[in-house]
Each structure stands twice: as structure tokens, then as C-alpha cells.
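Letters A, B, C, D and E mark the chains in the order given here, with residues in each chain numbered from 1 onward.
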Amino acid sequence: MRNYVLKRLGLAVVTLLVILLALFLMLELMPGSPFNDEKITQAQRAVLDAKYGLDQPVFNRFVHYIKAMLSGDFGVSYVIQKNMPISAMLEARLPVSIQIGFQAVLLGTAIGLLLGIVAALKHNSFADSLTTFISVIGVSFPSYVFALALSYFLGWKLKWFPLLYSSAAPFVSTVLPTIALSMFTIATVARFTRSEMIEVLSSEYIRLSESKGVGSARLIIVHALRNALIPIITVLAPLVVALMIGSLVIEQIFAIPGIGSLLVTAIQINDYNVIIAVSFLYSIMFIAIMLAVDILYGVIDPRIRLAKGEKHG
Amino acid sequence: KQGSGTTPASTESPSAPTASAAPEESPAAAKVLNLGKDVELASMDSAIATDGLSFEVIAATTEGLYTIDENRVPQLALAEKVDLSEDGLRYTFTLRDAKWSNGTPVTAKDFEFAWKRLVNPETASEYSFIAGVAGLKNADAIIAGEKSFDELGVKAVDDKTLTVELECPIPFFNSVIAFPSFFPVNEAFLKEKGTEYALTPEALLANGPFKLKTWEVGGTTFYLEKNNDYYDAGSVKLDGLNYKIIKDTQQSVLAYENGDIDYVALSGEQIASYQQSPEYHSVLTGFLWYLSPNQKVPGLENINLRKAISLAYDKTAVVDEILKDGSIVADFVVPQFLATGPDGKDYRETAGSYPSNNKEEALKYWEKAKAELGIDAIELELLFEDTESATLVSQFIQSEIETALPGVTFTLKSQPKKNRVELMYNGEYEVGLTRWGPDYNDPMTYLAMWTTDNPNNFGKWSEKAYDELADRVSRGDLASKPEERWEALKQLEAKVLEQAVIFPVYQKGNAILIKPEVTGVNLGSIGGSISYKLADKQ
Amino acid sequence: MGNPVQSFTGGDFELAGNSERAQMDHTYTSQSYGRDAFLRFKANKGAVFGLVIIIIISFFAAFGPMMNEHTYKSINIKHKSLPPRIEGLENFFIFNGVANGVNAYEQKGLTDVYYIFGTDTLGRDLWTRTWEGTRISLYIAVIAVAVDMIIGMCYGLVSGYFGRSVDNVMQRFIEILSGIPNLVIVTLLIVVLKPGFVTVTLALMITGWIGMSRVARAQILKLKEQEFVLASRTLGAGHFRIIFKDILPNIFGQIIIMSMFSVPSAIFTEAFLAFIGLGIPQPMASLGSLISESFKSMTIYPYMIVAPVFVLALLMLSFNLLADGLRDALDPKMKES
Amino acid sequence: MSETVLSIRNLSISFQTASGMVNAIRGVDLELRKGETVAIVGESGSGKSVTVKAIMRILSSNGQINAGSILFHYEEKGKRVTQDLLKLSQKEMRSQINGRRIAMVFQDPMTSLNPTMTIGNQIMESMIIHLKKSRAEAHERALELLHLVGICDPEKRMKCYPHQLSGGMRQRVVIAIMLACDPEVLICDEPTTALDVTIQAKILELIKTIQAKTGISVIYITHDLGVVAKVADYVTVMYAGKMIERGTVEEIFYDPRHPYTWGLLSSMPDMGSPNEKLYTIPGSPPNLLHPITGDAFAPRNVHALNIDFKLEPPMFKVTDTHYAATWLLHENAPKIEMSETLKARMDHVAKEAESEWGEKQSYELLI
Amino acid sequence: MGRETILRVADLKQHFKVSKHYTVKAVNGVSFDIHEGETYGLVGESGSGKSTIGRTIIRLYEPTAGVITFRGADISGTLREKEQTLLRTKMQMIFQDPMASLNPRKKVIDIIAQGLDIHKLYRTKQERQEKVERILEKVGLSREHANRYPHQFSGGQRQRIGIARALIMEPGLIIADEAISALDVSIQAQVVNLLKSIQEETNTAFLFISHDLSMVKYISDRIGVLHLGYLVETGTTEVIFERPVHPYTKSLLSAIPHANPLKEKTRVTLSYDYADSGIDYARGTEQALSATHSVLATEEDFSLWTGK
């Protein structure tokens, strides 16, 4: 097990390096530079490029970046918060994104599981159709429509929740964004849970548990759910990464100082260091969560515990 | 309520107790203005900042030699007295007694340091060009790397006296140096903070009405509290300014209605629903939005085609039906309220007026163009940036032109702003919807753009006579003959419009809502930013 | 239990002479696969409903824009921001031209003007734009499904089938691809491409298939050790044949279902691309860009977002129902449980 | 004869499928007495599993019980109670009957254990639920059970997951689970089909020992006649959802009356000499989707009478314990005997038995 | 026996590397051969490596060591075109689960003709159909079954389809891995009869893998007894059943249930536990009792068991 994790970590380092290199090459190809305001003269642009080392060949910059990165220096922002060290920016924004993402994952998974289970139990019933309906709606409406509708009704009309994020009330002020973000997760989880539970519920060991006289609540939670979990966490994993890194629109609507808006803004205005750092962070999270999921597979299903085995999906 | 100005001044103004208030737990008694903004505070370093909000906040915490009042007139601020030499090339400023928020006095050295820092290549200021605009001696050469930044024509004679030398007389010098790039910087403090300087409230000094109290990295709020060390602290009535960054406009309007913020900028369709409200204000800015035809594109070199296009769309509908934010129809190049002539009148009052929208005329020009070009249809691409208003305006213009000029088709190309600028900069476009904001209060801030070598002459229109006249106006013989210069400027503008070098569309207005209990805000004007110095909240 | 009292006819107790008859079977009626599938499909109410809705929506997508004199780009700024109004329904409570308590038509003095879905902020007919948008979105849906099917499915199948180091390399590649934010890659496309269908297709091709490849991989992992696959191998079938001819038909239903899930995200990706200038160029609008466009004034003109959102949701619902139905219909041994 | 524990009367079950109603069980009667073993044999699809699943009330959701009753006789607080299991609610069934009084060992040891739960927990679960035992007590008992079913080192095995055990071990664990609450009836649905002979033999012996010890009644489902011979007291033969013959194990093996039973016995390989072809029953079982007139076996029956195609045969009595549903037993029917080869083999088998068992064994069974 | 050898397996080893530290030694040096037209039965407990041997022979697995010779060609190394074709046409396999081994989405005709398709063994569609129909009739199905799907058949019929798929290649050797285990008694008989008649007709050899000893006894000419990946005993059916030597064989035979209730009630099975028996297969060598009968044992064990 430890060897396995170490091996995966080793691979992850290589993967991350490749990603970084790819990013550098891509940014090189990207149009414009961080400093192409109408007002800037060519000469001044050259001065700026020289100051930030943008006049160097890509490869030198890459090597330089890696070196700096190893000492915790991710460079400074060129545009968004001029000259601000990226590490400070991430440090400030990441916890917020993670908190809201985590809440959304939790909420989405809980409700999604609930809906999926009910639908599977009442297969081909009204509750089942309702779940299908909800999960289709959940994926076909963009989250910002939910977000604004929630703000409008729950925040503005009913005044139940604050409209804007406030670091002084980190829970109450994140209720609305959490709900808006979790819709897609609810939909996806509900759908997968449903189909997976239908399969599990028709399996022999569930029959056996029934014939042992296990009550329905225990039957579902202890026996069925755990066996249905593998495909569910498989689809959940990328969603978790996406949620943790935050969403541009949701962050904009609720004035959340998160990572998601940072990346999009940075890409639009060529704030290279921010792009690289956030992408890098994203990749790390992605790889880490994938690794976590692989390990989780073994925890959930002891058959996969040898860690060498194939994972689902 | 059109135009720049202030909200109604407070009638009685007993200055409130100045308990400093933190943003979140502001006691009811404290007068804190909550402001909704849609961009982050990018920089508090006056040499580094480039955007409106940064300049606004820098101006709220720091003062320079001049400030621009609500009538767009530069007023002495930190400078107590100014002497101008006969030849108009040497200014001597005497400073008033003022203190930084750490207690050290503001001296002439701080100005010298700041100005030299602005042009110092190590600073890599994106706004260094403004030193050249201000005509500071050697500025252009320093920026071009030909001279050392030490040779800039500014010198602190003693703590209270600052002398400035110019290359040539600059009629609008006073208003240029009111710009935040020319604000003082305390050298000792900056050296002490090193790379940290201006990144946190602790690494920042204030000498203006407010000082930065909290500014979380990446936070969506930051808070300015009243600066009791400000020399004019007595007239500051607010206890603080609480900025909230809300990027989604619908949400910020909801927040405004909820009472979370006292000030919000409107956009898009929201404007229509608040236009009748007493809380609605609109402020005309100096931004001119115009279409730039690229002369290098086959067809567009034809003046008749250009004229046809420039007359073919209804600008009134653009400002009244689409923007509705107080923007005005622009049939001109030099915006309204930008510059006042030697006669004390606004440039536009005496400058010529030009045809706006005339579809029949347009069609005639198009017929001529067709004959000259030997074509009967042309397809052009309209490049614009991906903001809501630019998108709507472009779609509207496309539709107008296509209906007015049968045979002309426009395809639309939307790009993020940076890309749009880059493409136009490189001449990789056909027709582009772009804008220009003034750097100083003089028509040349616009008219200089269509000289042959100007990098912002995206369309690459070029005429020798124009270049020569422009040169005389800015640096040549006309620079010291105000009336003649003024007439020459009008000629330049007339040329641009007659040649249809650009197709102006509108001069941008900003629509905002301010709570009725808020008074005394200087909503800013062309060339100066919003000022809260005299604001009050009942 | 005694013998029942019953009268028998004479021949009842004679041997029926079964001994020579070859009684192999007559128990399984032979029915063609296609017919069988069709019957199963027909019996599935949801699927039929889905199909009907899709046909109706496609009909409107094809002919809706021709049903009035407006085009998707004809701007009538005088008619801007009108709520839905249908002739004959003026006095009802919907489609009567009233929004937020005011009748925008009366306000503008437009007595005999009708817009079924209302107009947008430039005065374009939303009916026409919605159906034009539906057309584009249907195309996007087709592309998304095609990308899923062609790239995602093949990638997943190959990766899962060969396993071991092939799989390892292919999965790491996916990791790298997913590690680089999509937006960075897509922004790069701006450099090389003109906006339009091709660009959208390419953008979707870059990462749109990853989810599907995971599904396909998981499915093939389940199936590749099945005995019928081994049987093919013992007959000397090549890998290609095994993957695409033996295994694929068996997981196709699953794949159809999954690909339906990627349709909405493709539609919104397109809207986003349109926003940054890579999608279908304005003033043409897909459902996705109509939604994001009307989102900007959702609190003021909520009706503008209703039509595209409704059409999209209905379309998605139908696609999903149809896919479920198809999966069941295509499975000749569909189990009931 | 000892008292009846379970009696099924006229049970009829059908399943809703995409292609129509499948009448899987068409009137089944079954009687189980205390301490005895009944084996149900029959071809695949004849309805064996469905019948016992109905007893456990774990039919799949598309199944419905059309008619019949399943009467269960048991002692509750010293009183004898008779309960129709079909009338109990799902909840009552789970809390009172399933696992506690009637337990079932499933067909496939590979799939009938929860792969994500240790076997210890799976064994202890029902004791904690039904007998309200503490974890420690349950643990103690589970160890005992594992020992009883012959798993060595039970302490360690308790912590194992099903996939860490071999098929035989898993099947024993299933048996241990089922024995946990000392049920009165144990149903074994093909408990050894998936296992190899050595392990099969061990498991069969295990069940017998337990039965001898605790006196439980067992229903045994299999199509392996060798297994039947080993474990059963009574045998019921099913065909196409009906009971077609039942009797004591000796009656069925030495004196079968239904042509289907003849066919079944004839197809056993060790009855033929190696060079001959095995006997096979021609054709295949009827599709229960379609209504069946007359005797369901008639189309495959070489001895079919004309009436077989018209009228369903009733159960004819052969002896007090032996009944068969074939018109051949009707007084009007021609005298048809089992085939010569089968008869010869029966004799051979009987002799074999005789030689081993000595004179006192019941000759009268052999006609 | 003067018949020619069709398959020779010499010292076959098959080890599965599950992880760095764990290798499953499924087959450990097994040698036997099969003659033309003969049925060789492979028996042994679950997990003893029967399927692994079958699958290695037909090259679903790469053998770890050992040589497999089929019709004189070495098929244990990297296969060249010629050997590949020989192996894939002349050696066929019948699988355990009749449903799982037939592709549910394919028509019977396509399932059966798959081998023909792969090796392009027909010229016209007509010819292909004829071949399939001929083989269908041979396995006791009718022509009209060709256009159905596997789920429309009963278990026994499905297994016939599996057999038809193998037979159409006119193989010299068929590996039947538990080919009848999933079927019930009466169907088993049908399939076994079929296999026997095919063998008579075509002189095909069978490797018959099963744990149902009574069937193996009935069908096989010779039997190999496998335990823990070792071939512990091999000999003619008669010898194995009448005069078994190895204690495992004995225990196996004693466990066979007989359809004779009176006899069954008293029969006791001999138990055999490798761990307790003190036998070490790895040390054993093949000891021949006769030309056809040999047992894996050390010298001491051998003399102990045989009394020699």
C-alpha cells in the first residue's frame, strides 16, 4: 500500500512537470502579453517584459520558475493585483473556495444520494420519475440561473440569507452559493446512485440480507449503499475538483473571493503567473483527488484493496 | 441630472465623531459609506496602478499638487503656491504643511522621488508615458532609454520648494499633474518596505482624507478609514469607506436594494428600470467609443465607403435605447467637457458640428464607392470586445448598416478586451469598435492618435499635412499661441471627420445609484476620479 | 386424493405416438431483433414521449423561424424588451404582454404587434431566435455526442481493453489533459481559428470526451474477461474486431445514456465560447448563448430567459428519456427486476 | 410422523415481463415436517427457486402471488401458532420470520455475500438484530458457528472479507449466517452446485450433522440426483411450475412413476455403461409465457396419451407417501412401464444397496 | 495406444504475478499428452488450475514455462502466422457458461460463422450460410435457428451453439472447460451425447475439464487429476476409478455422490488435507505404474502407496 502510494506520488510529480511545461508552452503561444494596454508604448512594454523576465526564452523561464517554485515562490501577479506574490493570493483565496466547494460537495452528495436511493427503491414510480426529472433539470440549467434565482427569492425577497459573501459570517453567507453549486452534483449523483442502487438492490447478497431479516434502513445504508459507492465516487471525483477550485460565475454573483474567478480573469488578461499557479494548483488537486479516490476504492471495496487492481472508470 | 457634478451638498455639516470603524462591525453611529465596485483593487502603488478603481482609492488616500474639482478645474492641493516662468518652462511649487500618516512631513523630496521613480525603468511603470505628456524635461528620452531617470526635470530645492522644468510649454500641465501618477511617495518608507511596498495597509502611507485600514489579499472588501493626520481633516465628514467588490451587476443591484451598499454602478437593462428614480445619477466620462476602419483592408481605403458606413447607423438609438446610461451621441472626436479653450469655453461649444446619421447620404456614398471600387457588395468583419454593451452596440450597428447599405455585410467577431486590443494593435482587423479615454484635458489627447507614427493609429490612416499640423500644435510654434493652437485643433478634428478616419459612436456616460441619504460625493469628471472627501451620510 | 370422477372419450388413453417426434423446441418464437427492439421501445411510454417531443422541437427548429417575418438578426429597436403576447390571448393571464404589472405593448403604443416569446433588448423576435438557437444547439448536441462516441469511446475502449502499460500511459495522458484548465487550451484556439462551428467542434474535441472515455473504460473492464470475448480470442479475432464488433454493441446502450449527460455541458461550453468569441458568431445565438445573454437582465425581464431555458430543459429531458428507452430496447435480453 | 412445520397450498406466482406474464408457479403444494428433509428437484427454470423465495418473501418486485397460502406453524411463547406467511407485512416478515425462524442458503456462494463487509459482521448482524445480543455475545456465537461449519482459525477468518475465502468457505459462511438465530426451517437453494465434489461432500455432511443435532427441517433444492440421494427424506419433483411427483426418497429413486422422473433418472451418467449414449429427455421445457393446456410435459413425453394434450392430470396416489401427476396412473391408461434399461439399472442399484444394507432393508419398495 | 499424439504438454508452468510480492503459481510443471480422437479428462478441486491449463494451451495466457506442441508445431512461444492460424482454427474451446460465452447482441449465424469470418474460409455469403446451417443440424438445431439471438434459446441449446461455433472450424482438439457444469442433468446428457457423437464422427480429441467426476468418467478415455497446480495422477479412466494410487485421487473419488439413496446414506468420504498429509508436491517426481498410469510422488511415498 505504502509503496503503491509512493509510486503514484512519483508519477504525479512527473505528470505535474509535464503539465507545467505544457502550460508554459501554451502561454507562449497565447496572444498578447500581460502588458498590452492601449496606453503602453512599445518601449515601455520592453521595459516591463525585461523586469519580469518575459523576454527570456520559454525554456529558461520554465527552469527558472521550477527553481523558484521549489522555494515556495510562485512569482507575482502582473495585472490582477499588481506585484502581489501569487502565494499570498492563493493563500487568501483557496480556503474560501475549498470551504464552499466542500459544502457544495457535501450537500450535493447527500441530497443526490437520498434522491437516488428513493428512486431506486420506488423504481418506476412517481418518485423515480421525479428524480429523473430533477437530475435532468439539474444538468440542463446553468448554475448561474439557479444562483440568481436563489439570490432573488431567498436573499432579496425573503431576506433569509445574505446576498453577499462576508468573511465575518462564513457559513450563513455561503448558503446560497453552496446550494447553487450543488445542483449539478445533486443531479449527477442522484442519477448514478439510482442506476447503481437498482443493480445492487437486485443482487444476491441483498436477497440474502433480506432473508436474514435485516430491516430496510440498515439494508440500504449498510449493505446496499457501500456497494453502490464505487461508480458514484468515480463520477464525483472530477466534480469535487471542479467545486473546490470554485466557479467563476458563482463567485462573481456572490462576491466570493475564490480561485475560480481568479483563473478566468487571469486568462482573459494574460496574468501569466496567476494562470500557471492556479492551473498548477488545479492539477495538484486533480491528481491528489484521483489518488485519494483510488485509495478510497480500496477502503470501500476490500476486493480492490490490493491497489494494483483495475479501478472502475 | 446629466453631467459631472456632486450629489447635493449636505446642508448642515457638523463633523461627526471620528471613531475609526472596522468594515464589518461598523457601529450604527459611524458614518461609513458602502460602495459597490465591479473590479478588484489592483494596486495601491501610484506608479504601478493603471485602472480607475485603483486611481480612485489612491486619490482618496493620497493628495498631489493639484486636485480636479467638480467643475473640472485643477485646484491647488498640497501645493500652496505656484510660480511659472516667463517662457512657461519652469514651475516652482511651494508646498503646504502636510503629514504622512506615519507622522513624517510631506516634503518636496517626496515629489521628486515619486516622479523620478515613475520614469525609472526599474519601476517599470505602465503609466510612465504620462511624464512625457506632462512635458517634463527629458521624460521622453528617459523612457526611450537614452537618459538616466535622474535627469528628469524635477528637483526639490528644499523641503518646501519643488521646481519642475518642461521641454515646452504645456497648456494643460496643471491638470496632468493632478493625476495620481504624480502623487508623492515617501522614499524612506518605500525603501523600508521593499517589495512589500503598497501591498498591504501596513506598507502604505496616506496623506489624504482617508487611509487604507483593511485590505485582505484577494478579499472582496476593503476598508478606508478617516485619516486624522490629513491637513484638511476637518472637512471630512465620513468615518470610513467600505468597498465591496461585486462583479455581477444584477446581484449588486439587489444588494443595493437590500441596503448592503449605498452606491452602485448600473449597467445594461437595469438602467432603464431606475432611470426615473431620484437615486439615479449619470456621469459623463471622457471615453469616446468609435469604429476604427482599417485602411489596409481593401475597400476601406475608399473614402466614400468609409463615409457611407459612418453615416449609416442611428447613434441616437444607441444611446437612448441600448445604453441609456447617460452616454451621448458622438458626432465628434474630442469629447464634451474634456477641454476648455483660451476663451474659457468648452471645446465643443466652439468646434464645428458634423453630420450624425443620414441614411440617404450614406446610400449615395455607397453608390459612389461601388462605382469607384468596381464592386457591388463587400463583406467586412466587425471586431469588438466581449462586454455586454459592446456586444449589443455592435449587433445593432451591424443591423443598421446592413439595412441601410444593401450589399454591405458585416460579420461580428467578439474577443476578450486584451485580444481585441492586440489584434487592432497589429492591424489584424477590418473594422473595430474601440474606445479612447483622455490622459489629460486637452484635445490633443485624442487628436494625436491619427498621426502617422502613433501606435494607437490602428487604422493606419496617414496624411502628411495632418502630421505636420499636429506636430506644430503639440511641440512646435503653436504651443505657445493658445488661440491659434485652438483653431488648429479644430482643423485637425475636422480633418479626421471629413476623411472618416474613424466613425464616432458615443461618448460614454456612467449610470449609478446613490442612496438619497448620501450627499457631497464628487462623482468625478473627465480627467479626475470620484472623490469622497466632502461626502456625508445622514 | 382419489381419481377424479370424469368421463373420458375413447381415444383419450391411447398413446399419442410422441416417441418418434423430434421435439426440439417451439417455445421460443422467432422474432427479428429489430422488430423486437421496436416493440420494446414502443412499450416504453417515456421513450415515446421523448421521441415525440424531440420531433416537435426539431420541427420548430427547422420551421419555427420561418413562421413569422422576423429573422434572427432583424433588429427593431422600437420593439425592444417586449414580453410574450399572443394574438387572442390578450385577456388571459399569460401571453398577454404584461410583465411586472405593466403592459409594455400599450406603453409603447403597439396595439397590433404580437411576439409569442416576446423580444430581446434589441427588439429581436425571441421566437425566431429561440428556434434558430435550438437549431444550433441541436447541432452542438450532435457534435458532443459524436465527440463522445468517436473520441471518448474509442479512447476508453482501447485503454481499458489493453490495460497494463497502455492503460497507464493513456490514463496519465488524460490526467495531464484534465490538469490543464480547459480555458487555457481553448483560448489558444483563438490564435489559430476563426469562430464558428469548426472551432466549437474542435474545442469540444479537446476535453469533451474525457468523461465518456472513463465510462467506456469501466464498461470494457467489466466485459473484457467475459467468456464470449475469450471465445473470440480463441477464434483468432484481432483486437479491433473484439473491441468494436464483440464488445461495443454490448455497452452501447450505456454509452448512449452517458453521452446524453454530456450534451448540456457541451451546450453551455458553446455559450461560453461564444462569449469569449470562439463560438457561433453573433448575432446568431445558440440556446446556451441566449440563456447567458438573457441572464444579464434576468431580474428585469425574466421572460426572456424562460423560452430558451424551457426548450433546453425539455430537450434534455426528452434526450434522456429517449436514451433510456433506446438502451432498454437495444438490449435483447433486457432483464426486469 | 412428526408435526408439520410448513405447508404450501396451491401456490401460484407470475412475473410481469416485457413480453408478458410468465406463470412461473402454477399451483404448488408442499409439506415439510419437523426434523425432516424435503428435496425439490427439477430442470432449470421449473420454479424451484421461485417457490422458496416466496416462502422467504423475497420475490423480485415484478413478481406477484396470485393465489395460495404458505402456512407456517411455530411456537411463540409456548403457544403453537399458525401463520400464513403471505399475509404478513414485509416488516413483520423481516423482524419475525426471516433469518430468525426460516433461513435460506443461497445458490451462489460467490455472489451471495456482501463483498464490502467482513464475514464476522455478516454473521453477527442477524443475531444482533433478532436476538438482541450484545456485540460480544454475538462475536462469541459467531466463532462457535464458524467452528461448527468447519472453518479453522475462526478468530482470524471473522475479519476476512468474502473475496479472501474460497468458494467452499464462503458457502459455509452463508450456512453459518443462516444458523445464527437457530431457525426452525433451513432452505438450501442449490448450496453446492458451484463447488467441487470434495467440498460438496463436506457441506452436505455438515448440514446433516446440524440437522441431527438441532432437529431443524430442511428444504433442499438441487438438480443433482446424487445429492438428493444423500440428503433427502422426501423428494418433490417439479416441472414447469408444478409438482408432478412426490414421495420418499426411496420411492422416487426405486419406483418413480412419472415419465419425467424416469427421464431425469435415466439421464444420470453412472447409470449407463460408458459405451452407450446417455438417455435424454427430448425437447425443452415449455415457455411459461404461454398458457398450458393439459400436461405440460406431454410434448416431450414419449408415452404421452391423447388426453395429456387436453386435460391436466391430477395427483394420483401411489402409496400414502407417494403421488404422481400423470394420466398413466389412471385406471384406463395402458400399462406403461419405465424403459428396460432404466429398469435394469434400478435393479442394479437396488442390488447394490441391498448388498450393502442387508436383508432387512425394504424390499417392498422394489416392485 | 498406437494413436498419434495431437497435443503434447511438457512441464507447463503458469504463474500470475499479482503484485510485486505476490505471485500465484497456478500451474507447476504439468506434463501430459492427448492423442487424436481421444478424450482426456482433467479433474481436480476448484482453483487447482484446470482452467488455467486449458487457457494456456489455447494461448489465452502466455505460458510462464514449458512447451506445448500441437500437431507437431510448438505453440508455446511467439506465434508466427502459420502457427497462429493452425492454433486458431484447429484448436477450439467450449466455455462453461453458455449464456456468457455467446455474444448477446449477435445472431446465431454470426456467432457460429465468426471463425469463418476471421479466417475468410468461404467465398460467398451463400457458402457461409450453408456451412452454418450444416453445422447447426449437426448439433441438433434447425436451420431456422440461425437468425435468432442467444437469449431466445434454452441453456442446452445455447451450449450447442457454442459447440457449433467450435465445430465449424473442423478442429482437431476441443478444450471443453466445464462445458456442462452450468447445465442441469437432463441437458448435460444431451450435450455429452452430442460431444460423443461428434467425436465418433470427426475423430476430434477433447480436453474435458470438469469437476463432475461421474461425467468425466463417462466421457473420458484417460484422466488427469490436478491438485494445487500439480498433476498428481494420470491414467486411463478405468485405472483411475478402479485402482487410484494418490490419496488425493482417492479422496476425490470417494466424494462422488451416487444416485442411490440407500447407498448414499452410509457412504463416507475420505478426507484429504494437503497441509496435514506431509506430502510435498514440489519434491515429487512422476512415477510410472504402467505405460499409461503415473503418479506424482517421492520414492518413499510411492512405495508407501503402492506397497512396492
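Methods note: a contact is a pair of C-beta atoms (placed from the backbone, for glycine too) under 8 Å apart; a residue touches a chain by one contact, two chains touch by 3 or more.
Computed from a prediction, not measured in an experiment: that's the story for all the values here.
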item: Pair joined by the larger number of C-beta contacts - C-D, D-E; value: D-E
item: Taking each chain's C-alpha mean as its centre, the one farthest from chain D; value: B
item: Centre-of-Cα separation between chain D and chain A, whole angstrom; value: 54
item: Chain C and chain E, separation of their C-alpha mean positions in angstrom; value: 48
item: Inter-centroid spacing, chain C versus chain A (mean Cα positions, whole Å); value: 25
item: Chain B-chain E separation of Cα centroids, rounded to whole Å; value: 88
item: Sequence positions of chain C contacting 2 or more other chains; value: 24-25, 27-28, 190, 276, 298-299, 337
item: Contacts with two or more other chains, residues of chain A listed in rising order; value: 31, 123, 148, 152, 202, 268
item: Residues within chain D bordering two or more other chains; value: 60-61, 284-285
item: Residue ranges of chain D touching chain A (in the complex, touch as defined); value: 53, 56, 58, 60-61, 90-91, 94-95, 97-100, 103-104, 106-108, 111-117, 125-126, 129-130, 161, 163-164, 174, 177-178, 181
item: Residues of chain A touching chain D in the complex; value: 123, 202-205, 207-216, 218, 222-223, 226-227, 300-303
item: Complex contact set, residues of chain E against chain D; value: 44-47, 154-157, 183-190, 192-193, 196-197, 211-215, 217-219, 237, 251-252, 254-267, 269, 271-272
item: In the complex with chain C, residue positions of chain B that touch it; value: 249-250, 253-254, 268-270, 272-273, 314, 317, 321-322, 386, 388, 391-392, 394-396, 398-400, 411-416, 419
item: In the complex, chain A residues that touch chain C; value: 11, 15-16, 18-19, 22-23, 26-27, 29-31, 123, 129, 132-133, 136-137, 139-142, 144-145, 148-149, 152, 188, 191, 198, 201-202, 231, 234-235, 238, 263-264, 267-268, 275, 278-279, 282-283, 286-287, 290, 310, 312-313
